[in-house]
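Paired with chain B in one complex and with chain C in the other, chain A is shared by the two complexes that follow.
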Partner chain A sequence: MDIDISDILASVSPPSVSPSLLDLQSLTRAFIAERVAPSLLPYPSALMTRVLARIAAQIELVEHETGKVDPRANFRLVVLQTEVERWKYLVRALLRARIAKLADYPLFYLEDAEVSGRLSAAERQYLGARQGLLGEHYAVAFLGQFPAGLRRLDDASGGVRMVDRPDEEAAVFVRCLRDIGPVRVEGTDTEADMRRGDVWVMRWSVVREWWENGDVELI
Partner chain B sequence: MYGELGLKLVRDAKRVQNLPSLPSYQTDLVRSTVREVRDLDRDNARILEPYTSASQAGTPSTFNPQDDPATACALLVNHLAMRRNKRCLLAYHRVRAQKLEEACWAGVDVLDRQAGGDGAGNGEEGGQGGAAAMNLSPEEEEYVRRYSDLLAAYKGQWTDIDLTGSLEPPRDLFVDVRVLKDAGEIQTEYGAITLSKNSQLYVKESDVERLIQQGYLQKLS
Partner chain C sequence: MALPLPPGLTPAEVAFLCEMEMVTIVPRQRLDGLELLGGSIPPLQPPRRTDIPLWLALLLKRQNRANIVPPPWLLPASLANILDVETEMTEAFSSPPPLPPSAKGSEPISPPFQPSCTADASAHALPYHWLEVGEVLLDAASDDFEEPDLVRRLIRDIREVRLSKLRAGVEVLDAGGGVQMNGVGGLEVAEGRAFIGGVIDNLRKLGASKEQTRKEREAEEERNGYSGAGADDYDDDMEL
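Moving on to the complex of A and B:
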């Protein structure tokens, strides 16, 4: 399920970019996209592994160099540490944004095989355990005394599903990275001619496909 | 009857959303709402009794909504009221659980506070802004305990990154802090620092982040 966006990044950025800068860019993009998109995006596992390795290496370097008293090395260290803190912030914010989405629609992300594929293993474990706890909490607090037919949390009878889902029709801001051409929004007469560099406000359900292909980025 | 209690619960939940601390758990209200559901369920069973006993006697179930619209309507109203109560209860508990989870993420020791609120005269604690006592039901206490364990387990998988850290982008590596409460000695990579009350220090933010959250230190901008 992991989408490789490095080729797009390569085509957008100048060719001589170092891999670490590229990772920083993709991390920043992943972070922004996760913050903006209404539903959970696939977990960027390859990127995360690289980023975590980088952070660990930098921390080790910092620890190794701390012993020296050379003032010039000290300044370099401060810069390094500041940078490490920023990377950490990006990772933390990305993970927290995902957790927040999971917390809002736990059953939706657990039930559907397609969407639960977007979670990392750790997230799936966390979500499952949390939902178990929550279910137990409800049961002890009041559901346990309910008539048997009304105890379920994912009831679909009466025409209304109990499981909430994220609003795929929410509007997002996108910037086109490639020419897409005319785009029709389903159910309306709106048509948009999307060209590279344009910024549009579109429904997430409409632009999602292009985001997955890397033709647009969320901003 | 018919959802009045549920409405009270939801109103209370709405109020909880905007409060800094949790008001006391509405044990009575929850209990009477549950009782209402059970009463309604019993009503329904009684209405259906003549039909089900007939079906047990050998003939198939004879209740046909079209033959007897009044009964069907009563059943439906009862049923909808039950479902509505369930929704209200779920909403009420969920809002509270969410609040508790937020507190867990923010590093607030809810259970500690709960104990502090129960015991008389914890003046110093209460004097500080958001440090009001949480009023949990026993079930909620249990939930918080287990949720913090779960959170700790999930956090433990990210060794280098403190997930519960601040969500503000970092600006400076070092910050000025003032010590509000004695916090003893902490170890940093530049050696040990003693945090004694009312002193002011220039330290690395990531070293003292937790202490700031817990209210030992105050960040000076």
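Moving on to the complex of A and C:
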């Protein structure tokens, strides 16, 4: 019964949500997703460009208005600044969470073309420079004394890869934003019927595709 | 520079997120409308009720510029009802407010942006950030409650009941994941993540080789056109 009603509601009154609030929601979701997903997610470049431009414009407005000394306008400025700080915190936390992942698995994110496509230009530059310095330091500190054949940091001989990779199978909490239907985890008895509004604990590799389509969100 | 925190949200981060929930206030002072990055705030005119984000409501409350209207589910009678439901349902959490309908093609709205803490929210469902919003409001605006101590006690009771369910739910965890947790709260996810995720991940690592064999067998059967029922026969044959 309830489901029928909500379907009818959906067709009658789609709520109007301001694009600014949608941006805030996307930024918040990107932050949460990056904090809880086991591996690095694609850089949300369109969203970040928009958000950074709007934060910059808002800061400029605050700076411009600080010149006026009307006590009434003063409190407005406090509110504006508080909000800007909240947005800046979200952006900063998102980027720092990404850097933490890059620092954990630098070689993995450098070597694979598909994976390194998830990095922004600045992140790619940072990771390249960092790994260059680190490699040089290792070489001087101890790798140089090894036999030439044992100096590589990304050796894959003997069937064992040296490059650590994030655990793509790790369990994550997701909320379904749209109906997905029955889902089966290969190689196990686990089956799930994922419906809109449900919260499930699932393997990241299983739900990743739906996350990319925006059918589920990480929580 | 890199975030020195383990994966998963910390309680402080969850508290930050819950401050984006909309709440209803009764302004005590006029304030012109504001164009914020996250949308515009309508002009505040006492005593007209207005919905604004929780962080702004707390700022206004602290400066004595507004009173916060507790959401209907945070009233003693509603909490007592919810506590009864939570106690009766031993397996699952009470159902959360349904996601709001979304227009076709537009981004679906979900907590904390779903308006579930305003004065016209449902009185029978605990929203995603129920515990955080409850604690924050009791802390910052306890004078806006009629019986803050009773509310505080009911919240603690509900939390106890739900925590024991969370603990009892550990038994159903297995390597494949697939645990349904409808109605779980934001802080409860943050608390349970390390343990629940850890158990599932470690069980998977223990059974990894068995799972790999089964995956290969299933792939083989797929190629040979065996049905699911045939797979069981195959098992029996092997044992014979």
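Keep in mind that, in the parts below, the second predicted complex is superposed on the first by the 204 of 219 C-alpha atoms of A that agree within 3 Å, B and C clash if a C-alpha of one lies under 4 Å from a C-alpha of the other, contacts with A are read in each partner's own complex, and residues count from 1 in each chain.
Basically, contacts are C-beta pairs under 8 Å (C-beta built on N, C-alpha and C of every residue); 3 or more make two chains touch, one makes a residue touch a chain.
Source: prediction; values computed, not measured.
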Practice item. Pick one for A:Val172: touches chain B only (first), chain C only (second), both, or neither. Key: second
Review point. Of the partners chain B and chain C, which touch A:Thr28 in the superposed model: first, second, both, neither?
Key: second
Practice item. Please determine whether it is chain B or chain C that touches the greater number of chain A residues. Key: C
Exercise for review: Based on the superposed arrangement, let me know which partner A:Val199 touches: chain B (first), chain C (second), both, or neither?
Suggested key: second
Point to revise | First, second, both or neither for A:Gly214, with chain B first and chain C second | key: second
Check your understanding: Touching A:Thr82 in the superposition: chain B (first), chain C (second), both, neither?
Key -> both
**Study point:** Those residues of chain A which chain B touches in one complex and chain C touches in the other
**Key:** 55, 78, 82, 86, 89, 93, 96, 103
Review point. For chain C, which residues count as touching chain A in their complex?
Key: 1-5, 7-9, 13, 16-17, 19-20, 31-32, 34, 36-41, 55-56, 59, 63, 96, 98-104, 106-110, 112-113, 174-184, 186, 189, 193, 196-197, 200-201, 204, 211-212, 214-215, 218
Revision key, fill the gap. Touching chain A in the complex, chain B uses residues 30, 33-34, 37-38, 41, 82-83, 86, 89-90, 93-94, 97-98, 101, 137, 139-140, 142-143, 146-147, 150, 153-154, 157-163, 165, 167, 169-170, 172-173, 189-190, 204-206
Point to revise | Touching residues on chain A, where the partner in the complex is chain C | key: 2, 6, 9-10, 13-15, 17-18, 20-26, 28, 32, 35-38, 54-55, 58, 75-76, 78-80, 82-84, 86-87, 89, 93, 96-97, 99-100, 102-103, 167, 169-173, 175, 177-178, 183, 185-192, 196-203, 206, 214, 217, 219
Revision key, fill the gap. Note: in the complex, chain A contacts chain B through residues 52, 55-56, 59, 62-63, 66, 78, 81-82, 85-86, 88-89, 91-93, 95-96, 103, 122, 125-126, 129-130, 133-134, 137-138, 140-143, 145-147, 150, 153, 158
